[in-house]
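By letter and in written order, the chains are A, B, C, D and E; residue numbering begins at 1 in each of them.
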Amino acid sequence: AVAANFTDTTKSLAELFRKETGHTLSASFGSTGKLYAQIKNGAPFDVFMAADVRRPELVESEGDGVAATRFTYARGKLVLWNPRPNAFDKGADYLQQQPFARLAMANPKTAPYGLAAQQVIEHVGLLGELQPKLVRGDSIAQTFQFVASGNAQAGFVALSQVKAWPEGKGTLWSIPQDFYQPIDQQAILLKRGQNNEAAAAWLDFLKSPAAIRIIRDYGYDTAD
Amino acid sequence: METYWEPVWLTLKLALLTTSVLLVVGTPVAWWLARSRHWARQPIAAIVALPLVLPPTVLGFYLLLLLGPNGWVGQFTQSLGLGLLPFTFEGLVVASVIYSLPFTVQPLHNAFDAIGEGFLETAATLRAGPWDRFFFVVLPLARNGFITASVLTFAHTIGEFGVILMIGGNIPGETKVLSVAIYDHVESLEYTQAHWLSAGMVAFSFVVLVTLYTLNGRARAGAFR
Amino acid sequence: METYWEPVWLTLKLALLTTSVLLVVGTPVAWWLARSRHWARQPIAAIVALPLVLPPTVLGFYLLLLLGPNGWVGQFTQSLGLGLLPFTFEGLVVASVIYSLPFTVQPLHNAFDAIGEGFLETAATLRAGPWDRFFFVVLPLARNGFITASVLTFAHTIGEFGVILMIGGNIPGETKVLSVAIYDHVESLEYTQAHWLSAGMVAFSFVVLVTLYTLNGRARAGAFR
Amino acid sequence: MTSANIRARFDCRFPGFHLNVDLALPGTGITALFGHSGCGKTTLLRCMAGLQQATGELTVFGDAWQTAHTFKPVHRRPLAYVFQETHLFPHLSVSKNLTFGQRRVPANQRKIDFDDAVAWLGLAHLLDRMPARLSGGERQRVAIARAILTSPNLLLMDEPLSALDQGSKQDILPYLERLRDHLAMPIVYVSHSTSEVARLANHIVMMDQGKVVAQGPLQETLARIDHPFRLEEDAGIIVEGRLEELDEHWHLARFRFDGGSLWLRQDEKLQPGDTARIQVLAKDVSIALSEHRDQSIQNLLEARVDQIETDISPGTTLVRLMSGETPFLSRLTSRSAAQLALEPGQQVWIQIKSVALVE
Amino acid sequence: MTSANIRARFDCRFPGFHLNVDLALPGTGITALFGHSGCGKTTLLRCMAGLQQATGELTVFGDAWQTAHTFKPVHRRPLAYVFQETHLFPHLSVSKNLTFGQRRVPANQRKIDFDDAVAWLGLAHLLDRMPARLSGGERQRVAIARAILTSPNLLLMDEPLSALDQGSKQDILPYLERLRDHLAMPIVYVSHSTSEVARLANHIVMMDQGKVVAQGPLQETLARIDHPFRLEEDAGIIVEGRLEELDEHWHLARFRFDGGSLWLRQDEKLQPGDTARIQVLAKDVSIALSEHRDQSIQNLLEARVDQIETDISPGTTLVRLMSGETPFLSRLTSRSAAQLALEPGQQVWIQIKSVALVE
């Protein structure tokens, strides 16, 4: 079970994993909340790669996960993005001046990137002012679509998405890590996968340098 | 934070508006499909059913492209000075209308098909012109079809979600409808709130539907053997 | 990795199975609703329409609770030795059937309503028993209703997504249907693939629908004035 | 007269209407159901068919179709019903409509051939037509053919010939007579046409406001001049007898009955020696005090005045006369009756202008 | 005779059927449309109403309803149509059905009162009923009332009385006559009942296989003995005249016409001096070589044999006789004709058994 935002990264990783270990991986993508509900109701998943920390924690504490297998496999990087080149110089000023009609972010209640975006806005002290212009995507992918389709002029999206976007980089503001709490994405081995050596191998593989390189290539940080 | 009533109110407004718009738009379409002998009849009937085939999120995605600043509908609305539709309540209505079109047109089409030519001919000999016939013969005889169309459209709009989420942008008071609110609760593990909202919605719909069907059944009992 | 054909094949299988199951299940329900004078008729008609009201994901969520190891249906299926339904293809069929129920029952209900008692009485005097009447009088006269029911159900199952994703769990080869595949592509910004799949799906559905309507129109032209 | 093989007792209410009948109908021949619009004829047929739930009892040839406790469903009753509205199946062609019932009857119980029914009712050119493309009379003929193809033990017909012209009727009536006589199929027949009834019926049931006001065999009933039947223009009698000789040159045939003989128009189907039935309407019978041979009315009979009654209107009088044992009715103006000083027992001549062969 | 105020020419094809008519119909009175089942009567009415698209022309009182280039839509034509199937609106009560058309006619053009129509057709107790709960005849009466309440300039009726019993017909016919005479509303009337036609019609159109085989005013047409009309039992003539004296005691009235006088059953509506029309059927007329007063037939006229023709069957002969300038038809067996040695020019007595007042 893999959080939807990690879809393409997982595909690359799985390719390499198959070459290295001969195990094939079958991944089910979905939003973290949905995956969690499914795990609670007997989904046939061995590994849970969430987009946040809270759900793996819950899984662990509620006894659906194998204790002490939880770790941060990636850390998302939030960017302020406008698909047009040279749209702004300094992101903070851009937010201040607001030369846009719509600013997209993910839903803070359902998506970790949304929570981070909210923290950024609060950090720059514009929550009240920006409120009327905000549109919320259900997931970070939807948020990206809002911006990519031009319906929102700019938005808080994941760096990984901008990297994957084939039509040029546009204008980016890589938001300083201290503006928001880290978007740690944790994985955990589920009870059901306890005896599946491939599952354990996959978790180990995620920590390998080769995997970390791929993850970074896709625009994520990894745990220190 | 928004109250609970805001999404409820928004949802009702959206569902009512969508249903009304669709009844107005869908009725002539269904009538044409039922009575015309034009060669384009079958292709158009098929096109009307197509919104059903695409997953709502995907349909929403394409609508977003189409209605956005780079889509040709978006450019058209902008050139009219209407601005862009996504992320507005009007946008939601447009999207719902497109998505729910088949639910209105199909039952009406069937109901119109079932009206014998004889009644229309009789009405014509009794001096009723085309509009008159439509309002005073076709509409009452197709009543069942209208009720089904309204129920399916209304309920479907209430439950609709993927398209709304995509086009609406989840803006409280503007585009955050009940289904999105429930979804939010489920996603953020606030199951109790989700249960309450769902139960309320189901109970409300149940009452509305039973009332509607009972009124209809009573009226019908007198009309037909 | 899965081929493209796997989701296509799964989708068709699901849609065909769901439609078949629903025609078998929905026909007696619709018939009962149309002909019975039981007091529970209107409440049951309303219950049949309810799956429409809940957002698909939310409906999926409740189905998951119900069919899962802690739900009473789940415990029942387990006690029968059938195992659990969620995350299996069978589970998808069950969920689709519940979700699409209104799309089958409503058009059939209307079609059955429209069949004059006179034809049934005539058939009875011509020695046709209840089943015989049903198969040789009701079914052909309700043909339009069956076509609409099938189209709506089939198309809706193809486009269905929220419930499927929730109950199915996006498992390749088992529960990853086309709509989910498209969704995956859209989510991971693989727009080209998404476009291709969507276009294919729309084109295919269009051809199927036009063929269906044309055949139907041709057959009907002979039957009615 | 035939015995009562069909016993029907029904009680059925609608708002403002109450059907309450107790009937004993013969098991052969045609029973005509007569009465004003809305008097309950259709309702009675529906009760007999089992289409209308009513309390009551119905036994047909000893077979209990309905009792206080049992109710045989419609499709198990070996009957056929020709509806007032034809109810042809719109999705089936004429020929499929025709075979709908026939196919559901076991082959060994089929007494009527498909081709025969099609020929009798003149449907050969319509077999592939859809019902919506038929004229009113064509629809009615298809409905009749469809019903008789089930070879029923009881045929219920609700104004089956109302949409047909005289010619078509004349073509169809002989076949109904054939069903009645050769297949001994009892028919309950609703009709507003007194001439149809007079020609076809063996038994009459007269209804008014849901009640039976009179019933009985045709001949007996028609010869009673005090009868509540308001056949009006069609009052008359039926005489049974035998054909005696043919006058080939003038296309005439002599009909001999108890009380004399009459000349009829010749009919190909009848040969000397055959029994036959004729109808003599009261309005075609005039009375003379002496025999007049120099006139075109050639059927003159000596008769005795039996009974004299005022008729439907005060200006006319209905006279019953006996020629031997055979009663005749004559309608004349009351003034004629007075001028001729008619009184019971008087010997007169009756002049019969026209005679119709009934079968 | 009335002039042709309605001109209709139509050409319309169905598979296996071709309607091709050219008609000039009078602008007043009732035109009866006659012919076998399937001959195209309904199709012709539908063309006149504009319900059936056909090439052709139709002018009604100088108003072009259809020409080669124009086509007035049905609802703009001031006509009413009583359909063979009644087509009552199932969602409207009887009274709402009745007012459906009436409400759509401007108030100042309404010539018929709601309550009158309801009373004529005996619908008062049915006004709140839904159509599904009516009997066949009740439905037909509602359909007739609904049609006439639009006060049309042309009334098309397709077998309007077929589901009605003799009594109901007798109740309704006078009102149709009243529409015809007092409102001068032309009616085109399809009927299979020759007696209805003989009573009502002023003009007859006889159709066969989509063609008009004969048409003309009723009296002229009926008095021609070589005519293709197959009125058969109903062959006869119409005589116009005047009521002369009443015999209150015997409920009789003397009818004087050019050529003599006849006694009729008295009718409340007619007073001495009123003009009237009577129908004399050929089968009710017998011929005598001398005058016989000692019999019940009291209407005896001296007449001259005019023409002798073989009739519908070889055994019967139709004789045309002139009483003054008035023609009569008599049907007798050919043998009688021979025995009496009838020949044109001969003076005879005609004995008329019954006479029906037509209006």
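What we mean here is this: a contact is a pair of C-beta atoms (placed from the backbone, for glycine too) under 8 Å apart; a residue touches a chain by one contact, two chains touch by 3 or more.
The UniProt protein names, listed by chain, are D, E = Molybdenum ABC transporter ATP-binding protein.
All of these numbers come straight from a predicted model, not from anything done at the bench.
Undergrad: How many steps does it take, at the fewest, to get from chain A to chain D if each step moves to a chain that touches the one before?
TA: Minimal hop count between chain A and chain D: 2.
Undergrad: Could you pull out the chain whose C-alpha mean position is farthest off from that of chain C?
TA: E
Undergrad: Report back the single chain whose CA centre is most distant from the CA centre of chain B.
TA: Checked the centroid distances; the maximum from chain B is D.
Undergrad: Residue numbers at the chain B-chain C interface: does the shared fraction exceed half, giving same, or fall under half, giving different?
TA: same
Undergrad: Could you state the distance in Å from the CA-based centre of chain C to that of chain D?
TA: 57
Undergrad: Between chain A and chain C, what's the gap in Å when you average each chain's C-alpha atoms?
TA: Roughly 36 Å, centre to centre.
Undergrad: Chain B to chain C: how many Å between their CA centres?
TA: 19
Undergrad: Two or more other chains touching the same residue: where does that happen in chain B?
TA: Within chain B, the residues that touch at least two other chains are 61, 180, 183, 186, 225.
Undergrad: Residue numbers in chain D touching 2 or more other chains?
TA: In chain D, the residues touching two or more other chains are 85, 133.
Undergrad: Got the chain A residues that touch at least 2 other chains?
TA: Chain A, residues with two or more chain partners: 34, 37, 145.
Undergrad: Please give all chain pairs that are in touch with each other.
TA: Once each pair is checked, the touching ones are A-B, A-C, B-C, B-E, C-D, D-E.
Undergrad: Could you list, by residue number, the parts of chain C that touch chain B in their complex?
TA: Residues in contact with chain B: 41-43, 45-47, 49-50, 52-59, 61-62, 102-103, 106-107, 109-111, 113-114, 117, 144-145, 148, 151-152, 155-156, 158-162, 179-180, 182-183, 186, 194, 198, 201-202, 205-206, 209-210, 213-214, 217, 225.
Undergrad: Per the contact definition, I'd like the list of chain C residues that touch chain A in the complex.
TA: Its residues touching chain A are 1, 57, 61, 64-65, 67-71, 74, 84, 86-87, 165-166, 169-172, 176, 184, 186-190.
Undergrad: Give every residue of chain B touching chain E within the complex, in rising order.
TA: On the chain B side, the touching residues are 118-119, 121-130, 132-133, 136-137, 140-141, 143, 222-225.
Undergrad: Please name which positions on chain E make contact with chain D in the complex.
TA: 14, 16, 34-38, 42, 84-85, 125, 133, 135-138, 141, 158-159, 162-169, 192, 194, 230, 232, 247, 249-252, 263, 265-266, 283-284, 286-290, 292, 294-298, 313-316, 330, 332-340, 349, 351, 353-354
Undergrad: How about chain A: which of its residues touch chain C in the complex?
TA: My answer: residues 1, 4-5, 7-8, 11, 14, 26, 28-30, 34, 37-38, 40-45, 139, 141, 144-145, 148, 161, 164-165.
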